[in-house]
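This is the structure I have questions about; it appears just below.
Each chain carries a letter (A, B, C, D and E) given by its place in the written order, and its residues are counted from 1.
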Amino acid sequence: MLLEVEDIHTAYGLIRVLFGISIKVDQGQVVTLLGRNGVGKTTTLRSIMGLTPPQSGSIKWMGSEIRGLPPYRISQMGIGFVPEDRKIFSDLTVWENLDVAIKSAGPDEPGWTMDRVFELFPALEMLRNRRGGYLSGGEQQMLTIARTLMGNPKLLLLDEPSEGLAPVIIQQLADQISKLKQEGMTMLLSEQNSEFSLGLSDGIYILEKGEVRFEGSVEEFMKDEETCRAYLYI
Amino acid sequence: MRKLLVFVITCMVIMAFSLPAMGAKKIVVGFPMYLSGGGAVFGKPSAEGAKMLVKEVNDAGGVLGRKIELLVRDCKSSPDEATRVAKEMILKDNIDFLVGGLTSSQGLALSDVSKHEKIVYIAPIPKVAKMCEKPRLHSYVFRSACNSKTEGRSAAVLAAKHPWKRIATVGPDYSYGWSVTGAFIPWLKNIKPEVEIVHQAWPKLGESDYTPFISVILASKPDAVFSTLWGGHFITFAKQARDYGFFEKVGFVSAGEAGCMEAIRGAGDDMPLGIISNAYDTFWHPDTAWHRDWVGRVNKFMGTKYASSWAGTGYDAMKFLTEAIKKAGTTDTDKVIKALEGLTIDCSVGKLTMRAKDHQAVRGMYWGPVTKVPEYPFPILKPVRYIPADELMD
Amino acid sequence: MSRQNWILIAILVLMGLIPVTGSRYYVFLLTDILIFGLFALSLNLLLGYTGLVSFGHAAYFGIGCYACGLLIKKAGLSFGIAFAATGFFGAAAALIIGFFCVRLTRIYFALLTLAFSQIVWAIVFKWNSLTGGDTGIYDINFPKFLDSRTKYFYFTLAVVSISVLILRKIVNSPFGRILMTIRDNPERTEFIGINVKLFQLLAFIISGFFSAISGGLFAVFNHSIFPDFCYWPVSAEVLIMTILGGMYSFFGPLVGAAVLLYLRMEVTSYTVYWPFILGTILILLLFFFPGGIVGFIENQIKRWRSSK
Amino acid sequence: MSFDLSFVVLQLLNGLTNAMFIFLIASGLSIIFGVLGVLNFAHGSLYMLGAYATYQCVSLFVDSPGQFWWAVIAASVAVALLGGIIERLLLRRLYHQEELNQLLLTYALVLVLGDLARFIWGVDQLSVSRPAVLRGAVEILGQYFPKYNVFILFLGPCVAFLFWFFMLRTRWGRMVRAAALDRETLGALGVNVDRLFTVVFMIGSWFGALGGALVAPVITIRPGMDVEIIINAFIVVVIGGLGSFWGTFLGALIVGPVYALGILVFPRLSMIFIYVIMVVVLMTRPWGLLGRPLQR
Amino acid sequence: MILQVDNLAKSFDGFIAVAGVSFQIEKGELCSIIGPNGAGKTTVFNIITGHLSMDKGRVVFNGMDISRLPAHKICRLGLGRSFQRINIFSRLTVFENIQAAVLTHRGKSLSFFTSVQPLFQEETEEILVSVGLQDHRDAVSGPLAYGFQKQLELGIALASNPKMLLLDEPTAGMSRQETKGTIELIGKIVREKGLTLLFTEHDMSVVFSISERIMVLHQGQLIASGPPDEVRTNQDVQKIYIGESRCS
């Protein structure tokens, strides 16, 4: 098992957000956390990344405990985080945004290079000298993913990649993510937009109020009309 | 628990500091002095001089059979610190006499304290003339230092000997600068009416960039410049002025003891040679037996090779005090005041007399051009002469 | 009457008895402590109660000093009138300066108060004909009816007690409560219908008023006043007093002033390295006693009570 | 007195020289604020230590060629290391606390470091000589202008340019800029931001110390020079914009010449004038001429 | 009609947060605004209550144009609000928190010398009881449990005796049980006092259980408005929230 999250509880200061979340992600899988705003998807990803360390529970990465490590250590161990609100370094150019995230890959891994990233996101190559702050939402989202890829992660945490993007762009993004999937990238996705995510995912977790309400494969989920209705429909 | 421990330890440290000081039957003298900050370079040797006198007197059995205890306290650069420290010593340590202060404003402040507390105060360094003039003069204040008037006037006497007509002045923008410059100008005009003051520059006290002032002074095309920058202020000025060809272009007369050893050594290679300056004392002049003896004692006491020119300030003030106590036969304030008035003592520069009418020692200063000599690793005032103050006081 | 008030009255009586011991030193020290205690308390109305970090409070203390000194020496007013007017000069200066300062927040507020206080200092220093420049104003005598240190001590005790009473009334009044809400959360306070800037300005003015009162007391107590009383290290010092005592308790700043002044008086008798010791105390305070002395004691009491 | 053109030019150059000194010192203050968010009162102390250390090193390297230059390098690096220690041991623990506590900590450092310097070097006025090549003056429009000032006039922009180049063209510089914008995200990208902060504080300290080292030959090294400089540095940084590097440069370029030329017009009110500029900037544009509003 | 919002627009640095939103709310109505993250809900709230200035548009409250009024004046007109993030006076006790709002509402905030302690005890207690915090009266609010803080937030909003309440995610971060309790509480208070309510919420069960009318905001625009059933079946809304769902 690549990532095993076991019963984590997390709070922002005094505000408790996660009430015991457990998630498993296997090598090569794409797993989606579904749920509406405010259910704790982002916090789950941030907890894994060490940005808001959980107060209890355990997070095992390739068998070893990573709860309590600083984010940069977790990142160096091979987890890449694509934050929700994109968090582009607005004063840095596209190229510079990518550059600060470069980490050399292991000896026998292919590793991501600037060229390979531009191949995946051709739009970015045109914009390589433009400042991050002047990119459109979609371009920023691509840049955030590209930037994280530069660190050669084994697991990609994607926080609501489709948020606030136009449908056309979302489609484009879905293509790029599925391309990544084909290349064998493991991903943990958080989404509100089930249409976007269901097609990509192997496994699904539905969160509500900081707890897991449903877990299973996409097929199981589709079959489970009641859950569908309860948690997806308005 | 850990916090409690830390707290207890802190308290203990504090208590260890506040063990009561014992003072039995000693004559206690408070000596607030500028010991931290830019003026400390002069304050420290002055305090050392005072300590030396106390040691000499105590070794000889004290005064009136009582030992003297000297309390030296740091009063930084400011008059308010001097006031506070002096009051603390008066009220807490029950000092009998007050000696000390370095800057002019400290002198005035301490004088004010002495007036309110009815305690004799002798100013060893502060020179500001109005301290001993009406309306500020009162019966408790004395000055063993020279004053801004004699300093400014003796500079005028020297300046008048040169063929300079256009004079500019530069001085720190505070009371000392104003009062010395204010004494210099009329005295010079008195001797040499054709002199014209072409520019007056008043950089703020503690200015670190004098270059704009230097340019303005040069632009006014003076024949000579009279300066009241002292200590580090002078050194900074000199270092910055040098490369403008300043000291080649104009004559330079510097009050403020720019010629004292501390300043000259402080300036190092950047000390402009040939400028005329003053000092309280010089360890090589006069080359007489009593002066050599004095220099020897200072060197020994302070453990240096070259006696500080400032040790005398503290020494002389304390000597006035102890001699007056001796003469009065008591430490009673009023009687000591009476004894001080008109008292003449032997001290670092020979004989000095405390005038009865305005409580000031008739004290001159050493003046001369700064010159490199083979005997010492730093320039000295050569030829140096002592300009007595007798005719410059009133 | 509450137990706390009885304790306060007991302390007041004890302080009133100090001159009976005949120690001139304690009378002097206590007067000093009372004056700076009031200064620190007035700063804390901004710091601890309104949440505004003023780094230029020396200005109002200095204005108080000079207002009182100048009115007595230059305008020839009697002490009573001069002293009574002092607070209003401070309040007026605080009104003008505060008007601009409360528009800013946090570090910018601190910097603007600092800049204004430096202007006040520079004016006092340079306006030689009025303020006497660096040599200050001297010979400010005790008024006839307070012609000894002991009498002046009682006067100070009375003025400071009344001021403390008023300040305590204010912090326990609805207005004071609103200041605390501003400290905790200015945004929310706006949404319970409070004009936050106005309240901050009012707190600034009250604080300036009492700072100036303490300055006026000090001018006569010290007999002479100097521009350094408006200089920024004084602002830093009074901040340290406040933090040392504890900014979240009403009497904390007074305790801080007492401890700091007493320590300084003792320590400077033994070493010239007082700044080093003060700096070390401050560092220890920040790391180990963030609530200051009073905060620490309160915590200990709380812990002791809960363990019982 | 007639102010002819050459004189005004000279005065402007004087002001610009001073501007470059202030810039060198204040840029460190600005960098530290920009990245770490701490307004460092102790920056003046680092400047003072830089000057003292230069004095010490000059006397250590006596008689070796390039003595002054080695001393400047050694002194500024030593102070930078001290800055690193301070950041590691003290400052780091207060990042998450109120600004007031950070301010007070750095003020405590002013007190401690000032006394430490007094303890080590005593109270004497110390002096460092200019290197031989930079003694004397050049002639500009018939006026003398010191070579050392010419050197500083060139060095200031060079250092500014080099630093800018470092920030723009090196990976480290880019990381520093990124950290100033969003330290959390940078950490999540695998950069050890803690270490980066230490390095930034060291760079800032190095600038302060470099200012002290370079100013040593034209001033007197003495206790108290730390407190004298810090308010000036604050003024420059505030006018230019807290945390803005080029803002600091601009701030220095405004303050230096205004002060120098102000002396011609209001000889004794120049300083008040500078404070007034600071107040006006704070009132109208608190984040400074080239800064950006604080978001943290 | 108690609140009228006309063509509200706001952008930040070129990002259009609110793009021409108009709606009206009748007195006594219970309305909610829903929409995905970043749809502009909080921005709309902030503009109405005077926290942000608007680029364009007009807000009329109770017959008065409040478009340019500062926040504190709007509050005094009877428009109370709560916040998405905890926004209380953390060093004060629960009682003091609410009392501060009560005494402001009663125009006592500028009295300097009366003791604050005994003021408006009863009124404050009443509010404490109504939001269920009477047992925590003297607790310092900062360390209080999250749910209680949210209730306190509501209490502060109520203490100004508003005609209308704007609640920004009143149950954000609460567990299921807490949410249920809180919502029932809000419903009860609002009906009892005859208030008008406008709130945003993520929990759809909450939204649909309490709202009389739901407005849907998407990318700064109002795309639907109506009673719950109508909104539930609205095509556009479906699309935004679940895409063209594969599960039917």
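Please note the rule applied: a contact is a pair of C-beta atoms (placed from the backbone, for glycine too) under 8 Å apart; a residue touches a chain by one contact, two chains touch by 3 or more.
Keep in mind the model is a prediction, meaning the values are calculated, not measured.
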| item | value |
| --- | --- |
| Required minimum of steps from chain C to chain E, each step between chains that touch | 1 |
| Co-neighbours of chain D and chain A - touch as defined | none |
| More contacts between chains, B-D or B-C | B-D |
| Label of the chain whose CA centroid is most distant from the centroid of chain C | A |
| Whole-Å gap separating chain A and chain C, where each centre is the average of the chain's CA atoms | 54 |
| Computed distance of Cα centres, chain E from chain A, in Å | 32 |
| Intercentroid distance (Cα basis), chain E paired with chain B, Å | 73 |
| Euclidean distance of C-alpha centroids - chain D vs chain E, Å | 49 |
| Sequence positions of chain C contacting 2 or more other chains | 126, 275 |
| Per-residue multi-chain contacts in chain A, two or more chains | none |
| Touching chain combinations (by label order) | A-D, A-E, B-C, B-D, C-D, C-E |
| Sites on chain A touched by chain D in the complex | 49, 51, 70-72, 75-76, 81, 83, 87, 89-92, 96-97, 99-103, 147-148, 151 |
| Chain E - residues contacting chain C, complex | 49, 51, 70-73, 75-76, 80-81, 83, 87-92, 96-97, 99-101, 103-105, 108-117, 119, 156, 159-160 |
| Contact footprint of chain B on chain C as seen in their complex | 24-25, 28-29, 126, 128, 133-136, 138-139, 141, 222-226, 228-229, 263, 265-270, 272, 274-275, 281, 284, 288-289, 296, 300 |
| Chain A - residues contacting chain E, complex | 11, 14-17, 19, 36-39, 84, 160, 163-164, 192-196, 198, 208-211, 221-222, 225, 228, 232-234 |
| Of all residues in chain D, those that touch chain A in their complex | 171, 174-175, 177-178, 181-182, 184-194 |
